[in-house]
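Note that the chains are named A, B, C and D in the order they appear, and that numbering of residues resets to 1 at the start of each chain.
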Amino acid sequence: AIAAGQATRARAAEGDPAILELPEHTRGLGRPVAERPYGLPSQWEANLQRRESPGLTRVPQASVSFTPLQGLFGIITPSGLHFERHHQGWWDIDPSKHRLMVHGLVKRSRVFTMDELMRLPSVSRIHFIECGANSAPEWGNVALPTVQYTHGMVSCSEFTGVLLSTLLDMCGIDRKTAKFVLAEGADGSSMTRTIAIERALDDCIVAWGMNGEMLRPENGYPLRLVVPGVQGVSWVKYLRRIEVGDQKWATKDEAVHYIDLMPDGTHRQYTGIQECKSVITTPSGGQMLLDKGFYNVSGLAWSGRGRIQRVDVSVDGGRNWRTARLEGPVLDKALARFNIDWVWDGKPAILQSRAIDSTGYVQPKINQLRAVRGTRSIYHQNAIQSWRVAESGEVFNVQVY
Amino acid sequence: QSKPWDHIGREATPAEIKAWDIDVRPDFKGLPKGSGSVALGEKVWEAQCASCHGSFGESNEVFTPIVGGTTKADIETGRVKNLVLGSNFPQRTTLMKVATVSTLWDYINRAMPWNAPKTLKTDEVYGVLAYILNMGDIVPADFTLSDQNIAEVQKRMPNRNGMAFHEPLWKADGKGDVKNVACMKDCPTEAQVRSSLPDFARDAHGNILEQNRVVGPVRGADTTKPPVK
Amino acid sequence: AIAAGQATRARAAEGDPAILELPEHTRGLGRPVAERPYGLPSQWEANLQRRESPGLTRVPQASVSFTPLQGLFGIITPSGLHFERHHQGWWDIDPSKHRLMVHGLVKRSRVFTMDELMRLPSVSRIHFIECGANSAPEWGNVALPTVQYTHGMVSCSEFTGVLLSTLLDMCGIDRKTAKFVLAEGADGSSMTRTIAIERALDDCIVAWGMNGEMLRPENGYPLRLVVPGVQGVSWVKYLRRIEVGDQKWATKDEAVHYIDLMPDGTHRQYTGIQECKSVITTPSGGQMLLDKGFYNVSGLAWSGRGRIQRVDVSVDGGRNWRTARLEGPVLDKALARFNIDWVWDGKPAILQSRAIDSTGYVQPKINQLRAVRGTRSIYHQNAIQSWRVAESGEVFNVQVY
Amino acid sequence: QSKPWDHIGREATPAEIKAWDIDVRPDFKGLPKGSGSVALGEKVWEAQCASCHGSFGESNEVFTPIVGGTTKADIETGRVKNLVLGSNFPQRTTLMKVATVSTLWDYINRAMPWNAPKTLKTDEVYGVLAYILNMGDIVPADFTLSDQNIAEVQKRMPNRNGMAFHEPLWKADGKGDVKNVACMKDCPTEAQVRSSLPDFARDAHGNILEQNRVVGPVRGADTTKPPVK
């Protein structure tokens, strides 16, 4: 045993066995091309899954699964990890039988097959989608252990489709009377949401493509509405119908949910915009720093009102701030990735990020949000997130202001 | 100006529009003619709704209760008092929140029963909605809800005056109602922890160790154990 | 039978059964969230796979699988459809045992674990990767039926990693003597490629992230070199070693392959740059137009020397050209998506696209390429691609100049 | 200037560098001492290489042949004539192309045998390379290749003068050697088909119908049938 111990030590001094002993893959023949005609992540990445938050919802077909932001890079969300929000379950619809109808206050109504839609002039644009209820459980107090659950209802993809304005123009909308459109899905919930005509004629996309391929079934295959900057529930999946009208619809998901309860007991209705927000994803809640010393602190920032202009980071609970590097491209209503240097001295620290968008809006602190909106509004919680790094290296979700 | 792609697609037929154009607006545009009594509604409810929502619309099983939390006084004012800050009522039921009765008609017709949406007959939708409204004391037990009297019922919705429209959060170019400033040095903050994760929540989402990558600058904490002091 | 026929006609006049008869998914409850913790494309998308070109290579571990460009959108390539090129098969390497060594003409050599690399300052950038042999079989004549096989060895992803320059700076390269670096992989082939020190210090990335998640095993998990603008073989997968030196290495894949045979019998050696190129992906070879009338002609353009500045499209075999729309963002050494309107009159047509990059270089015709380089050089075939649309609507791969 | 991340990682040990630093350059930097005869090489070849590359390095099975196509005259000039335009030689063998003998030593040592790379002993690499060179008439049958004489052998490589360095295709900011102009109207072109897909190639990649999406502006053509005229 002593001899073996000495041998191990000698070898350790000589170097790392992972280098000295050539691994199997350096001495063998690997696997063939196209063994997986559609590829998957490494077996070593299985920990990064979309996951439900237990207790958040009561039935899994009217529920949420969250994107594991704690392990992601850059701005593109892998489509396999895109968060899910269904109200009546997801379907894998036969695209040859899917139709889109556009009607209402138009000169001529229109029915399109997928074949027809996909012939139309298309655009491809990178946008974030965030559920209006992202970070909702923490309007009051800290409730969730990791960034997957605090912020994992945001994703960012490259969407391809025809501008909604192109379709509305084709139908000859009545520019005088047309004030709103209703978007409706083809699933059981037939999700319906009102969109202002200015939004509809601006940058909304009737999209079939997501990150280079067709939308995934969980995200509305074969057709979904993309409403840049607006909460995800308006990005109607399995889109089957657009009605042009002159009044808001007050549908269930704009009259009973996605309404923001204010301290005076009124609800703000039609609060779609996802205001400027950011979060540090590494290091973040539930993670352990391995050691003192240098870290690349990395995170995401976005704004439903435009581009990210700047992100500042504090490591002392908001007393002092430094401006982070933004990775390019920094796009309109898209996630932006920021990075900043940090040397951890091993002492307790509180990390925060604060985004500023192209309108000059500064992401608020949770107490500033509460001062205006109270703690019960559920939606649109875009406060600065705080992560406490303990001496042990463990990172905890906290509220600091 | 005409576009070279204008020929793509075709006009919808009246029957097609009828098949899909099911939405009902607050002004009752889209509401089909028909009627249903509370009694009919009770039958539908017990047969097709109560299993999920409870016999009195009070079940928490699949969703927040539909009925409860509203008072006769609310029906007078059109504002639900239990929504005001300080109220002790534990839930926000559907009837406490909804301002527009059309919303309920539209949604039940569109999406309920949850596992068999769009199977109710028009009169059944009227009936079951009448039953729900009756459970909320908005209409009497002998009421028959119809396209003719629904506008009257709207005037009794407990939270009909409860909605505020805050335009800046509806328009992309609106200005936020909450303001922070981009202070960089010696900023005002207590810099102390005001709230942190309750102990029971540490592993309520499973072991975080298993939700992080096996390499990288960090690992997931083993939340089956208490934090290292 | 007559009655049934009449009934069908009557119903058809009333409207489309796909609308009139509500489908199951509009009348039922769908599937739960997180049923697939890592999602996949729709069952209806199974035709779009990466595929081998029969006869191109002789053993599947030293072979190629091609990206189905004919069905993709935008600029991001779905990672599951990223083309593959292996020389000795692919592996799914345990990242905790992977090491990167940097040594040679440096002040201090360095060994990094993945833990250590991923702590370093990182960048995230979108770049294309193209195999130097993409489109190679057609230096002579038309040989391949579809764009998957003619151009499917190009992909574009968002890569995340540490700049190679950061690592070289850490090691203190000797700026006087250091002229080249050698990059080496950890697989059986231990692929080695020489990179000029100016390239290495410019925009090369030692990358672990691809499209938001870790690299896929087929693309070098857990570490690959990204050499923007340079042929894919230099993007060494399973990167284990960087040696700094003062001479080129003339490794097998830069002395026996990836050398361009010229008419005079010499080979051009070290021809890494992927010059400006484009291709129309819809409609493209092997596809059938469904009807006359309007089409959105869509394609991809890229340049190893910079950004795409303009793409022109001809529908008459290169006699007349119109400038296409470029979708944003148009990035350095990244794919750019172009779209242009076209009304097909039902007569034969020949579609071409021609890209111009930020250096002013104009993508050449195949005869112009041949006039300088002959027909035998195998690599770096960046000619204008021609697709002939027959009266039947079928699209054929042709050469026209 | 020092960086806050400079402490990350550690120095490689000499043993580690030795284990991985296996490359051999054209100037023979990195070449380990050793030697191997053609006779030894023949044994290695027959046992470990011939199954894939053929007994005389001529097999097409897994790869282009390694040997063939070079002449004594090429060895004199250092330029392989069969590479010149107009030659009838059907293949481009490894020995026809490779200019640097170091390349072969490095590659065999690094990657061969294909299914068991890095298992050859140093002397076996010398030997099997000697055998390949002998098959190409570059060294005699009684030759023993070693670190001492490999530089001499380099002088006999048939294509040693066959490489050209064209810097513009090596540098990102180089200028292309092929020029087109961005003509927009009435441009010079025959606009006629000079080459098209041979009939046999129509379905050589399978049925293209099954390689396209089931919806969209186009379908895949059914290439099990001839094109519609």
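In the analysis below, a residue touches a chain if its C-beta (ideal position, glycine included) is under 8 Å from a C-beta of that chain, and two chains touch if they have at least 3 such contacts.
Computed from a predicted model, the values in this text were never measured in an experiment.
Novice: Please find the path from chain B to chain D through touching chains that uses the fewest steps, and give that number.
Specialist: 2
Novice: Give, as an integer number of Å, the spacing between the C-alpha centres of chain D and chain A.
Specialist: Going by mean C-alpha positions, chain A sits 46 Å from chain D.
Novice: Distance from the CA centroid of chain A to that of chain C, rounded to the nearest Å?
Specialist: Chain A and chain C have C-alpha centres separated by 27 Å.
Novice: Suppose each chain is reduced to the average of its Cα coordinates; what separation in Å results between chain A and chain B?
Specialist: 22
Novice: Please set out, as single numbers or ranges, the residues of chain C touching at least two other chains.
Specialist: Residues 16, 19, 26-29, 44-45, 48-49, 51, 59, 71, 88, 95, 101, 111, 115, 118-121, 188, 190, 214, 222, 240, 290, 293-296, 341 of chain C each touch two or more of the other chains.
Novice: If you look at chain B, which of its residues touch at least two other chains?
Specialist: Residues 5, 8, 12, 16, 20, 114, 117-118, 213-217 of chain B each touch two or more of the other chains.
Novice: Testing understanding: with touching defined as stated, what is the shape of the graph linking the protein chains, line, ring, star, complete or other?
Specialist: other
Novice: So which chains actually touch one another? I want all the pairs, not just one.
Specialist: A-B, A-C, A-D, B-C, C-D
Novice: Spell out the residues on chain B that touch chain A in their complex, using ranges where they run on.
Specialist: Answer in residue numbers: 3, 5-6, 8-12, 16-17, 20-23, 25-27, 29, 60-63, 79-81, 83-85, 92, 94, 97-100, 102-104, 106-107, 110-111, 114, 117-118, 162-166, 168-187, 189-198, 201-202, 204-206, 208, 210-221, 223, 227-229.
Novice: If you look only at chain A, which of its residues touch chain D in the complex?
Specialist: Checking each residue of chain A against chain D gives 13-16, 19-20, 22, 26-29, 95-96, 113-115, 118-119, 214, 222, 293-294, 341, 343.
Novice: What residues of chain C sit close enough to touch chain D in their complex?
Specialist: 44-45, 47-49, 51, 53-55, 58-59, 62, 68, 70-71, 87-88, 101, 103, 108-112, 116, 119-121, 141-146, 148-149, 166, 169-170, 182, 184, 188-190, 192, 196, 198-199, 202, 229-230, 240-241, 243, 245, 247-252, 255-256, 259-273, 275-276, 282-283, 285-290, 295-296, 304-305, 310, 312, 316-322, 350, 354, 356, 359, 361-365, 368-369, 371-374, 376, 380, 384, 388, 390, 392, 394-401
Novice: For the complex, which residues does chain D have touching chain A?
Specialist: Touch residues, chain D against chain A: 4-5, 7-8, 12-13, 15-16, 19-20, 114-119, 213-217.
Novice: Could you please specify the touching residues of chain A with respect to chain C in the complex?
Specialist: Residue positions touching the partner: 16, 18-19, 23, 25-45, 48-52, 59-61, 63-65, 71-82, 84-86, 88-95, 97-99, 101, 111, 115, 118-126, 158-160, 186-188, 190, 208-209, 211-218, 221-222, 238, 240, 290, 293-296, 298, 327-329, 331, 337, 339, 341.
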